[in-house]
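Both of the next two complexes hold chain A, though its partner changes from chain B to chain C.
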Partner chain A sequence: MVDEATRKSLSGIPLLKTKAGPKDDPKLWLQRLKEEYTALIKYVENNKAAGNDWFRLESNKEGTRWFGKCWHVQDMLKYEFDVEFDIPVTYPVTAPELALPELDGKTAKMYRGGKICLTDHFKPLWAKNVPKFGIAHAMALGLGPWLAVEIPEMIEKGAVVYKEGEDKK
Partner chain B sequence: MSSADWEEVKRLAADFQRAQLTSASQRLTERNCIEIVNRLIELKLLDVVYTSDGKEYITPQQLVKEIQDELYVHGGRLSLVTLASNLNVSLSVVEARVADLLKQDRRIHNVLGQLITATFIDTMCEDLNEKLVQDGMVSLSELSKTSDLPGEFLQDQIEKRLGKVIHGKVDRDDPNLIYTETFVRRNTARIRGILSAITKPTPINQILLKFGSNVPEKLFFGIVDKLITTKRIEGIVSGGGSSRSAYYIPSAHTKAQVQWIEGFMNGNGYVDLDAAARLGISDPKSFITKRFPNQHLLFLKTCVLGERLFKQAKEQVEESLSSPGWVDITSILPASVTEQDLQILMDEILAGVKNTTVFDSIVVNKSLLEELKKQFKPLMPDKAAKDISSGKYIQLVNDTRAAEKKLKLAELGEDSTRSGGKKDDRRKKAASGKAGGGTQGRETKTKATKKKYLAGKKDDWSDSEDDNPPPSITLSNSASSKASSRAAPTANKNKVQQQLEFQSVNEVRYAIAKNESLSEAPLELLESIAQIISVGLQDEYQVVLKEAFDKFMSEKCGRKSQEEVLEKLFKMTTMFQLYVEGLNSFEGDVKNQLEKFLLKSFGQEIVIAATTFLLMEAGLDENSQVGDLPEGKVKQSMLALGKSADIETFTGLLQTVVPPVKKSAKSTFNPRNILLESRDSLMKELGVAETSDPALFLHIASLILFSLTSEALLQASGKFVPQIISSLSGKLTKEEHAQMKECQEQVVSLIKLKNGPGAEEAKEHLTTTILPSIKNIITNRTK
Partner chain C sequence: MDTVEELKARVLELENEVAELKGTSTRGRIDKMSAEVVDSNPYSRLMALQKMGIVKNYEDVRTFTVAVVGVGGVGSVTAEMLTRCGIGKLILFDYDKVELANMNRLFFQPHQSGQSKVEAAKNTLQSINPDVEIEIYNYNITTVDNYDDFVSRLETGSKTKGQIDLLLSCVDNFEARMTINNACNAIGLNWFESGVAENAVSGHIQFIIPGKYACFSCAPPLIVSTKMDEKMLKKEGVCAASLPTTMGIVAGLLVQNSLKYLLKFGDVSTYVGYNALEDYFPTMTLKPNQNCDDSKCIKKQAEYQLYIKEHPEVLIEEVKEETEVVHEDNDWGISLVESDPTNEEVSEETSLNLVPGLKVAYDIPSKPLKESHQEVELDDDAGESLDELMNRMKNI
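== the complex of A and B ==
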């Protein structure tokens, strides 16, 4: 189930129209890519406006591989992790698999290679919303809730330790 | 693939980076903010107020500004509650701010929790003015109702704007009313018109109705007052200031009333109060009094008499009373005067006039009544004589006595169940009888019968009416019965008629109708007079009747009045003297015997007569005795008189008992006359005895001859006859004496026969032969 805050942030993200992956007609992909960016920009702006900025993302030139950082603030401390993922060939029918490589092996809710286990709801929801959902939605529906649930748990277990100076980055 | 597209992607990617890199605004959480602000407020570094949902702060300056804005938006009128909810702040905060605002801005008013700006009032006043121009009048109370604002505030505000925004003026009496000059003038004109047209008193209410509810009462009265004081209309408003009871009375009407009253009074001499009331004069008496202050007015129930008419009436009454002796007041007065008024008026008129009797409206001089009565007096003795001789009166007296006896018996036998009223009546009767009756019961009877007579008379009256009803009498029955009832307040029909009637009322009426002065009198008057007179006449007649009866009875039954007794006594004493003289013709034993006989016979008669006289004189009744006489010389003499043995003592005592004869009466008791009188009576007796009793004849004849020869009288019994005859021997001729002697012998022999055989013949002989011869002697002697 998607919580209230997620739903709200989701509703702020513009929906996409073009159904095209990197292997499809480059014209269409380009179009898709533009829409992805616009949605992301809007999402980030929304987050910033709500004082809720929690990630940085950038992509390669073709827009097929994405990487960046995401963070979680707890007890006035900021825990920051690298995030990366590729656009699958069947995109947008298949959702991208978001991965936090440095947390690989530290939690059960993760696949090999640091790919996070998304909730049961995510996939049907995504499937239902093809091609309207894009990267921004995946971040908001997938990674956001996962971080909010898993990180405090891991901090409690001591699997994740606050690294001095990360703030300055 | 166009590079432009890629360029665009690049640019978007750059935008994205830039968007991510722009520093996120360092937002504080709400909680933090609230804490910070609270802290600041605590430190008095910040002056803000919460909104009512607690999510916002607002500075007072902003609030004031917002209040002003709100006020403006709402057209200058806004309630504090609405303001508070609109501004999202609590009411108390708003109130505090408003208080500040009011201090700063004098053009804003707080009225009953509403903020009102001068602009709003101005607008309202402009509307008001428009309405005023349209309707002419505006009521603030109405305005207060529609605008939902307190009247005082409105009044205050409107007064400020009078003459500027509002072109009208406030009513002086009612500050709630505002009207324009035009309105007032228009209504003044209308009222003036109406009031000028009114000619009779009209309730203000009705006038106001004509205006509908357009003209307020106060304004109306104000205008009317003004019109009256400026003499624009003539009239007055009476009956208080409220329209319910007030009347407008135009002076034209008052003038008309006055004119009518004066005209009527001058023309007719009186004013009918009813007519005056019809003219709408509520208190005619005081009205008329005011109108004629110099006149002496006479107020009756239905009218007012002027001085002139009153005097005229009085003069006429006085005049008529002197010349025909009666007057009908109704003939002098206006027709509308009622009976009650007549009574008042007559009291007034007759105040100075005496000797009058009043019948309804007719005044009769008493002297006339007396005169009429006199007319009947001469008739009374005749009628009395007739009534007595016919035995009616005796019958009546006996009846009355019997009835009274019955009544007494009944009374004695009556138990107390009898109704009190009757008993009372009887008691009264008894009492009055005792009081007025004196010693004799008869008086009581006459008193009692008087009433009964009236009763009977009334019966008579109605009877005659039944028998032969004269039409006019039937018409005037009420009048006559009134008169009769005035004369006799009680009339008991059940009583037996116990008085003899002198003349019936009808008869009296016919009799008096012939009188000259009553020739023009109406029938009613005649009847009334007849009623009145006949009562008096009846009383008088009873007296006359009684006198006549007494006289009759005394003649018949020896009942004597005192004077008669005295007269008889004088006569007897004179006769006694004659007898005594007669005694002197005898001597010796015969004289003594004759003396004793005289005292026993005639002497005792005198004693009885003297006793009766003395008792009468002493006021005692017939049944009392000499012993009841008051002590004194007379009583002693009287007692001695009866016992005196010889003539001298008897005559001596008699002189003390019998009063001396009056000089004037002396001739009546002349011895000579008495002698002749008693001789006459003897002669009569002689005539009677001639045929029946020869002895008595001889006795009387001898007595007559004695008186003829000796000029004296003799009282002697039959046994003295021989002595008398012998004493006559010297005085008669021899023949005469012989005849007497013979007669004496014959009589003696006749007595001796004692109705035996031959007695009849002897008597026959005596009466046919001897007695006539003796009679001859006497007649010769008498001549």
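== the complex of A and C ==
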């Protein structure tokens, strides 16, 4: 159900411990946020070490709104997209809904507002791993595989075109 | 050259068109529902329910406030039905816009494209029935910024500024359902969950009285199984399919049961599934899970147990209603014990006592990502502050 590459990258991401959302005790949420950042940093470092650096994320100071960039490299060209999402009040029981707003309307594999359409495996896996999975896991299990499948298809169809200077940004 | 008469007729025609576009009503408000059968009385056929003895006091419908969360394929039709039934007040929540891609569904019209769904719905509903009070909120209820306002609308939105009478969930995603569940468990609000599967050929409604019936957190979501093997379902290149028929049927079941609940007639179903391929409607009652993930649900369950201890008479009525359900202290339908990973097949479905044709969307919890997932320790004692971590992430 989960391909080998995804499984491998998932296994390198620290698991989280604190089951707390943005509406819970602020101390617990702060702890959870630290865990989120620690896991994300480790994941990005792993990606860099494996020559597969593919996203950056940051959040507002409350940790409720996240934004950043993700990219896909094909034929030596870097295609970069804004990524954003809110942490739902029911987090971490429910996963964040990752969105790439600029691709809204360009692919059928999206819901309104550019929220990516996840595979049938994502939600059951997330549910089984509450509260151990965090944002880094959502990226690895959700957005990573989505980009790998959908972006080449959109490039082929001409729905996504390479923008000059993207690499230098 | 047009005659004055022709021009006058044309002006009238255009005025009507403008009124329609603006959603301006063609009738004034009606203070009291009348049962008089005349062609100008919009309530005569509804009040006939009372004359026939189906409903004791139909006019009570005007006292109720119902929230409809999600004004899409199911929610818009739900709101229209309640409006035509003369419900007292509707509170609509949605953050989406009307799009041409929605035109395979009922209710919205092509000329409304681009408008917010709640705004467009309000205009149409108000012109259908100006007696209904309609309040709209164009925001996403799952975000931290809006959640508190959402809950306070439910707590104070009724016609008498108190808690509303019923919430109908017509949303299309798990996050929003969990948010509604969270809110309703917190304030003890009865609600109906509804849904149409992404394959468009099955759907369901579920009645949730916090503490009495299973909440949305008590068990993994149920799905109505169709003979089509889920794994065979082609999802290449699409997210979801939808049919106006399935949505209309689910909205019909939803509002029918809402009316039965509010106006106290017939039996209110606690779960109705709909399998469109075979026209099969499984029904059942889901009891709460004493290990529910939501502590507010557990609290409500304790309150309900206390209530039935003090009011044993309600149980006698219940048993008459739900013959197949036995209310014994230890007979909770759902157990969410760790399922034996070597024997995953016999987990949730057997312990839930699901009727044929229903299954759970997935089992929880079993072992996370079996064997291959070695735990990487979080060194959270490193003592880095959030700011330091944020900076480290930024400069990575």
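The rule we apply is simple: the second predicted complex is superposed on the first by the 169 of 169 C-alpha atoms of A that agree within 3 Å, B and C clash if a C-alpha of one lies under 4 Å from a C-alpha of the other, contacts with A are read in each partner's own complex, and residues count from 1 in each chain.
One rule holds for everything that comes next: contacts are C-beta pairs under 8 Å (C-beta built on N, C-alpha and C of every residue); 3 or more make two chains touch, one makes a residue touch a chain.
Owing to the predicted nature of the structure, the values given are computational and were not obtained by experimental measurement.
Taken together through their common chain A, the two structures put chain B and chain C in a clash. By the touch criterion stated above, A:120 is placed in contact with chain C alone, chain B being left untouched. Contact with both chain B and chain C is seen for A:37 once the two complexes are overlaid on the shared chain. In the overlay built on the shared chain, the residue A:152 is in contact with neither chain B nor chain C.
When both complexes are overlaid on chain A, the residue A:45 reaches chain B and chain C alike. Between chain B and chain C, C contacts the larger number of chain A residues.
Residue contacts after overlaying the shared chain place A:58 against chain B and chain C alike. Using the contact criterion defined above for the overlaid structures, shared-chain residue A:27 touches chain B, although it does not reach chain C. Contact with chain C, but none with chain B, is seen for A:128 once the two complexes are overlaid on the shared chain. Of 91-99, 199-207 or 379-387, the chain C stretch that intrudes into chain B once chain A is superposed is 379-387 (criterion: clashing C-alpha atoms). Where the contact sets of chain A with chain B and with chain C meet, they give residues 30, 33-34, 37-38, 40-41, 44-45, 48, 56-59, 63.
Note for the complex: chain B touches chain A at residues 1, 5-6, 8-9, 12-13, 15-17, 19-20, 22, 24-27, 29. Residues 2, 7, 10-17, 22-23, 30-31, 33-35, 37-42, 44-45, 48, 56-59, 61-64, 86-90, 93-95, 97, 108-112, 117, 120, 123-125, 127-130, 132 of chain A touch chain C in their complex. By the touch criterion stated above, chain C contacts chain A in their complex at residues 96, 140, 142-145, 147, 173-175, 178-179, 182, 217, 220, 230, 235, 237-240, 293, 361-369, 372-380, 384-386, 389-390, 392-394, 396.
Contact residues of chain A toward chain B in the complex are 26-27, 30, 33-34, 37-38, 40-41, 44-45, 47-51, 53, 56-59, 63.
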